[in-house]
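Each structure below appears as structure tokens.
In what comes next, chain A is part of two complexes: it sits with chain B in the first one and with chain C in the second one.
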Partner chain A sequence: MSLDDLNTVLPEVVVTATACLVLLADAILDRKLARFWLPLLVVLGLISAIFSGPITVASHTAFGGFVVVDTFTAFFRVLFCILAIFATIVAPEYLERRAIPAGAFYATILFSTVGAMTIALATDLITIFVGLELMTIPIYVLAGMARRDRYSNEAGLKYFLLGAFSSAMLLYGFAWLYGLSGTTTFVGIAEAVAKGGLTDGATLVALALVTVGLAFKAAVVPFHQWTPDAYDGAPTPATAFMSVAPKAAAFAAILRIMIGSLGPLGLDWSAVFAILAAITMTGGNVVALVQGNVKRMLAYSSIAHTGYILAGVAAYQAGASASAAVLFYVFAYGIMNLGAFACLIYLDLDGTRGASLDELNGFARRQPAGALAFAVFLISLTGIPPTIGFVAKVFILQPVLDAGLVWLAVAIALNAALAAFYYLRVVVHMYMYDVDANAPRLLRTDLLSAGLGIAGLAVVVIGIVPDGLYRWALQAAAPFVR
Partner chain B sequence: MIQNVWLIPAFPLAAFLINALFGRRWLKQWTGPLAAAAIAASAVVAIGVFLEVHAGALRTTVPLYTFISVADFHVDVAALVDPLSSAMLLMVTVISFLIHVYAIGYMAHDHGFWRFFSWFPLFVFAMLILVLADNYLVMFVGWEGVGLCSYLLIGFWFERPEPAGAAKKAFVMNRIGDWGFTIGMITTFLVFGSMNFVDVFDRVAKDPPAQGVLSLICLAFFLGATGKSAQLPLYSWLPDAMEGPTPVSALIHAATMVTAGVYLVARSTPLFAAAGPVLAAVGGVGALTAIFAATIALVQFDIKRVMAYSTVSQLGYMFLALGVGAPIAAMFHLITHAFFKALLFLGSGSVIHGIGDVQDMRRMGGLRSKMPLTYWTMVIAGGALAALPPLAGFWSKDEILGSAFKNGYPILWVVGVFTGGLTAFYVTRAIWLTFHGQPRDRQLFEHAHESPRVMTVPLLVLAAGSVLVGFIGFPPDNGFLHAFLRPAIEAAGAVAETGTDWPAFLIFAAISTAVGVGGILLGLSMYSRGRPEPAAMSRAAGPYYDVLVNKYYVDELYDRRLVDVAKAFAGAAWAFDIHIIDGLVNRLGWAIKLGGSGLRRAQTGIVGNYALSIVAGLLLVMIVYGGYATGWLHR
Partner chain C sequence: MFDFLEPFFFAVFSLGIIGAGVCVVMLRRITAQALLMALTFASMAGMFLLLGAETIALFQVLIYVGAITILILFGVMFTKQDDRGYALFFQKQTPWAAAFTLVIAVPVVFLAFSFKDAITPSGKGGDLIPLAGSLFTDYAFPFEIASVLLLAALVGAIVLVKRDEQ
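Right, the complex of A and B next:
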């Protein structure tokens, strides 16, 4: 390991160091100081991590070829850091109210972020597996962090058990791939599978195992059942983070593995992915429709969005625009979905988890700024202009059509219409219904409002001026174009 | 200046953001002057742009940024600055500025002052985007924005049920039109592969698509135009929109919103010209709307409603002009109409303001002595509306009628001339009932007062405009405006240059002026000397009068019949939704719940079942891959 190697992964080093510093500071500082300094330390650390790495670079390998830094890596590094910053800003007031140890919470988020960033660095099965585990194990902890809340415990445990199960499957698939090709590098595997094709039984098993393992991480139907329980039970700021960062990382892994190393089998897996995408978006939306609890509804909606993103992956034959659409959508989804979950923190008073639709009645009058932000995120999740969610859907639809998957494009459009019903129903409850007479008083949450305000503004501004982000996504997708 | 054209919408947008964010707590009464100043700044830039276009910059595209560019779908947010758009920009900003100034006085005592001056500049912003757009998609953004702002402003006094209902009606009717616009836009993209004006018009000139497709596009766009510009059959929201504050009415009727439809068709002249028969339909609908609305205006007693139907009627003239292949005449009338109609509205508003929010002309009368300034400016505007020479309306309306005749539509000409007589009559009636005769409500009369200067100065400026603006089209058919606009429209080969045909002009002018004067004299005689007695006339007209008073029962038709049909449809859809869709969904949810509760009974607990489903999924995936590998399944 040379100094150059370390320098290559400087952002990851910075985030790790920040996490350690946070734990240290948590032990040293007294309560009052910690309340102010810990989040600030996290945010500063993440911002310096963003700026310690290159934004656009030609591909650069390190650690003897185990790690690569290219435009793709740069894109995801920035995305993960932004999501972690956002998750940190919305959390402090909640953590204090629920007496969840703040230092541990922030450090866990940071460790998970390092794992996610590692996935974006991977050129090798081993790196990617290390990254996946480093990302998800802190998430299990995060889900169960409210120790005295049995739903939180349930969420943590379920997620852990099923996550371990699927990791084993993925690892087994990796083992088969290694057996096939004698190497763990993506390039080597790509060469090996290109020769044999799918007719080789071993390749078939490997491909199926890898497909399922990755599909679990991204919460693709029918491998999604952990999602509602885990998202619903976890403390809301944790839900907000775990609904976006691991999913983004899962898609980073899917692009790296499926296109980077199993690209020669693209015709086969893309057909399966197209079917899975349609099932996922429909399944998520249909079940979301009947949810009365908004937190659970958003959990199912996040499954539906997995379907839309997966459609972009399935359209990979359309070329760079497909991968770029996936990256753009993942970015858009990250901001709007984290924001939507975070909006529930306002209502997360004692003894509740999430909010029923009735609890949201007249929310616009009780908390105008929060309701406006929530409405913006929901409109964006629906895919109505002028929001980032709308342009993200446009970017997905184009390659899907170019790849000749007209039926999938129709499915996306129908699903978007279906989803409008349950998203806008929340807006109706917030704006058109009167406040319940005995509704509890909302607490002051200035930091949360500020964070949501910035995110809401970003959702609208990028919705109006999306081209810069899209160009960047195109650049980031370049490593996958031949 | 042209490169800075984006400043024109930027100022109102900034005013909107500042007022909306800081208006309620901090700026309060300063929101009005701030908004007016922003529009003034836009107007200054618009003048600069106009002069530069006049100096010879015939067509400039000013890109702002790329909205979406993916594969072959490419949309730029860019401004198309040509004579057509620069003339519109100038008109919109100048008139809007005057209305903003006036509104500072009119809305002074309203508790929603800051809210009003947040939406007001936003309305102008949306209109400016619509005008500046260089493609249909960006135009649609402005189009929708205008619709949204009109909803917010018509329903400004939403505490009362009527404005809220009127706002909803305007929104729904506009949505019907927007649907047409959307269809037109999508078809345009499918046919031409672009939504950019320049590209589309070039394609139409070089390689026109099938007549049927072109007609479909034009009809769809025209449906959109009838919604925004209140033409048959989507006109009835406009009179109801009078429920909004009077400056809003003035803004909707003169500078923004209703001119959007005319602008859309004028902008799309190359498409419509190539589509042929559709163009004639545009003219027919315009003429029909003109006479239809004018007859209703004859018998209304609400001063603002008379003006509203008058607007519908005058817009009909503009579509008539577009339909007979005289887009320049349409634009000319659009500009002159903006001045005198803004003035009529603001004058009506001044009256309403002066007598304490009364709009019924039966309670007015004799106000001339109390409000001399309002009276005289209203007379000028009324004269312009009645097309008396040499006021502004005369030149533009005469040109429309002359073109109709010369281009081979004598029936439309007759309808237009006759409508001119009706117009002269109803405007005479309105002014007489308001300002002349004996005060019919003593108490109102005693308290009547002239409006403050912040309101009367805009009236004077608009009055000057109503006198002078007509001369931009002088000499007839060959004036400054014609020379200015011709390159924009001629580029598409739609309009040939013609000199002034003086003898024809004089004959047409004489006929329509005679009819107009006839209308005025009839009105004067009926209302000043009581001969023929209005009551006797209405009795003699009997059922016809009732039909007019009830506005041809169109609202009733729409409400009772169409809305019933719509409700029946909605009911059926609801039943379908409840029984079939919800039923399905509920079944599904029920099935899931049942499945869940069934599985919960098993000792392993849910996690195990989740794992089971993962394994089942894995097997399915393997089978599918195996199918692909063996060729048993097709990809």
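Right, the complex of A and C next:
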């Protein structure tokens, strides 16, 4: 290990150090000071992590080839740090109100971020597995952090049990891949596949186990059963983070493993992925339609979005534009979905878990800024211009058509129309209905409003000028172009 | 002359792992479950021995059979045990679980025999020095990430079980 090795993973080192600093500061500072300094420390640490690594870079390996920093890594590093920053900004008021230990909450988010970043760095199955675990184990804790809330306990436990189960599946699949190819590196596996060595039934078992394991992590139907309860029961700021970061990381892993190392197998798995994508988006949307609780509805809608992203993966034979579309959609989904969940914090501070549609009645009159932000996120999730969600759907449709999956493109369009119904219903309740008599009290939430304002602005601005982000996503997809 | 020994021990250890594992989820007495889990771990150690990884086998015995099982037994002794009329897992869904397991297990078992040229272990696994060497050179990065993982798990465990301040 040399200084150059450490320098390569500087952003990860910075985030880990920030997590430790936060834990120390939490122990030293008194409560009043901590309320101000802890979130600031986290945000500063994450910003310096973003700038301590390169934004665009030629591929560079370190730690004897166990770590690679390429444009793909840089893209995901920045994305994970941005998501962690937003999750931190929207949290303090909620944590205070619900008596959740703030220092531990932030540190746990930071640890999870390091894990997610590790996935983007990995060049072999061992590193990617350790990264996945480091990302998800803190998330189990986040889900169960409101200890006095039994729904939060349920969320944590359910997520933990199914997460452990899916990790075992994935690891077993990795073991088969290793047994078949004799190596754990992506490059080595890709070479073994290209040589035509892996065509027998054993490969199918390995492929099936890896697919199921990753599908669990990304909440693909029919491996999504844990999602609604885990998202619904977890403390809302935790939900906001766990609905986006692990999913983004799961897709980073899917791109690295399925396209990066099993790409030459291609025809064997892309059809399965296309079918899974169609089932996932339809299943998520249909169940979301009948939900009365907005938090649960958003949980199901996030499953539907997994389907759209998966469609991009299934179309990977269209080349760089498919991977770039996946990356762009993951970025867009990250910001808009985190924002949408965070908007529920307004109602959660004094109300029940999540919010029924009635609680949202007349929300626009009571909290105009918050309602506007919520409306922007919902419109973006629907895929209506001029938002990032619209652009992301267009970018997904293009490679899906190029790959000849016309039926999948039709499914995406139909699903978007279906989703519009339940997303816009919330907007109607906020703007057209009179305030409900027993609506929860709204407390002062300056930091939350500020965070949502920035995210909402980003959703609209990138929706109008998406070129920069798309070009960056194209660069980031370059490592997967053969 | 002793060619039959390896398959024989493989069968014994496999039965130990699978049988004890099934008992852990099906039994009702928690101390018995903990001890059977130790049997699973011990059989795993035997598997590592068969593969020629003596060091890993020793770690397995020291850490899993020794430390972790003892900790769990202490945990059992320190918590109140109510009489449960049911097992920890699989109360009503046993038939479903069995069917699901069979669906996965049968193809896996059949295809496991179709391995044409299985990778032979490098033979260095049992040696402590190459193991330590590769841990601190090749595998330094995943090793460090695993240590961050332990730190995160430690923080998480404390947060989830700590007593409230007021």
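Basically, the second predicted complex is superposed on the first by the 472 of 482 C-alpha atoms of A that agree within 3 Å, B and C clash if a C-alpha of one lies under 4 Å from a C-alpha of the other, contacts with A are read in each partner's own complex, and residues count from 1 in each chain.
Here is the rule we go by: a contact is a pair of C-beta atoms (placed from the backbone, for glycine too) under 8 Å apart; a residue touches a chain by one contact, two chains touch by 3 or more.
None of these values were measured; they are calculated from a predicted model.
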Mind working out whether A:P440 is in touch with chain B, chain C, both or neither, as first, second, both or neither?
-> neither
Using the superposition on chain A described above, determine whether A:V465 touches chain B (first), chain C (second), both, or neither.
-> first
Is A:V205 contacted by the first partner chain B, the second partner chain C, both or neither?
-> both
Check whether A:P368 is in contact with chain B, with chain C, with both or with neither, and answer first, second, both or neither.
-> neither
Give one of first, second, both or neither to describe whether A:G131 is in contact with chain B, with chain C, with both, or with none.
-> second
Regarding the shared-chain residue A:V391, is it in contact with chain B (first), chain C (second), both, or neither?
-> first
Is A:G182 in contact with chain B, with chain C, with both, or with neither (first, second, both, neither)?
-> second
First, second, both or neither for A:G115, with chain B first and chain C second | second
Have a look at where A:L23 lands relative to chain B and chain C in the superposition and call it first, second, both or neither.
-> second
For chain A, what residues appear in both contact lists, the one with chain B and the one with chain C?
-> 204-205
Flag every residue of chain A that touches chain B in the complex, lowest number first.
-> 157-158, 161-162, 165-166, 169, 197-199, 204-205, 207-209, 211-212, 215-216, 222-223, 225-226, 229, 267-268, 271-272, 275, 286-287, 289-290, 318, 321, 325, 386, 391, 394-395, 398-399, 402, 464-467, 470
Interface with chain C, chain A side, in the complex: residues 1, 5, 9, 16, 19-20, 23, 62-64, 66-67, 99, 101, 104, 107-108, 111-112, 114-115, 118, 121, 126-127, 130-131, 133-134, 137-138, 140-141, 144-145, 147, 156, 178-180, 182, 200-202, 204-205
Mind listing the chain C positions that touch chain A in their complex?
-> 107-108, 110-112, 114-116, 118-119, 136-142, 145-146, 148-149, 151-153, 155-156, 158-160, 162, 164
Per the touch rule, the chain B residues reaching chain A in their complex are 65-71, 73, 141, 585-586, 588-589, 592, 606-607, 609-611, 613-614, 616-618, 621-622, 624-626, 628-630, 635
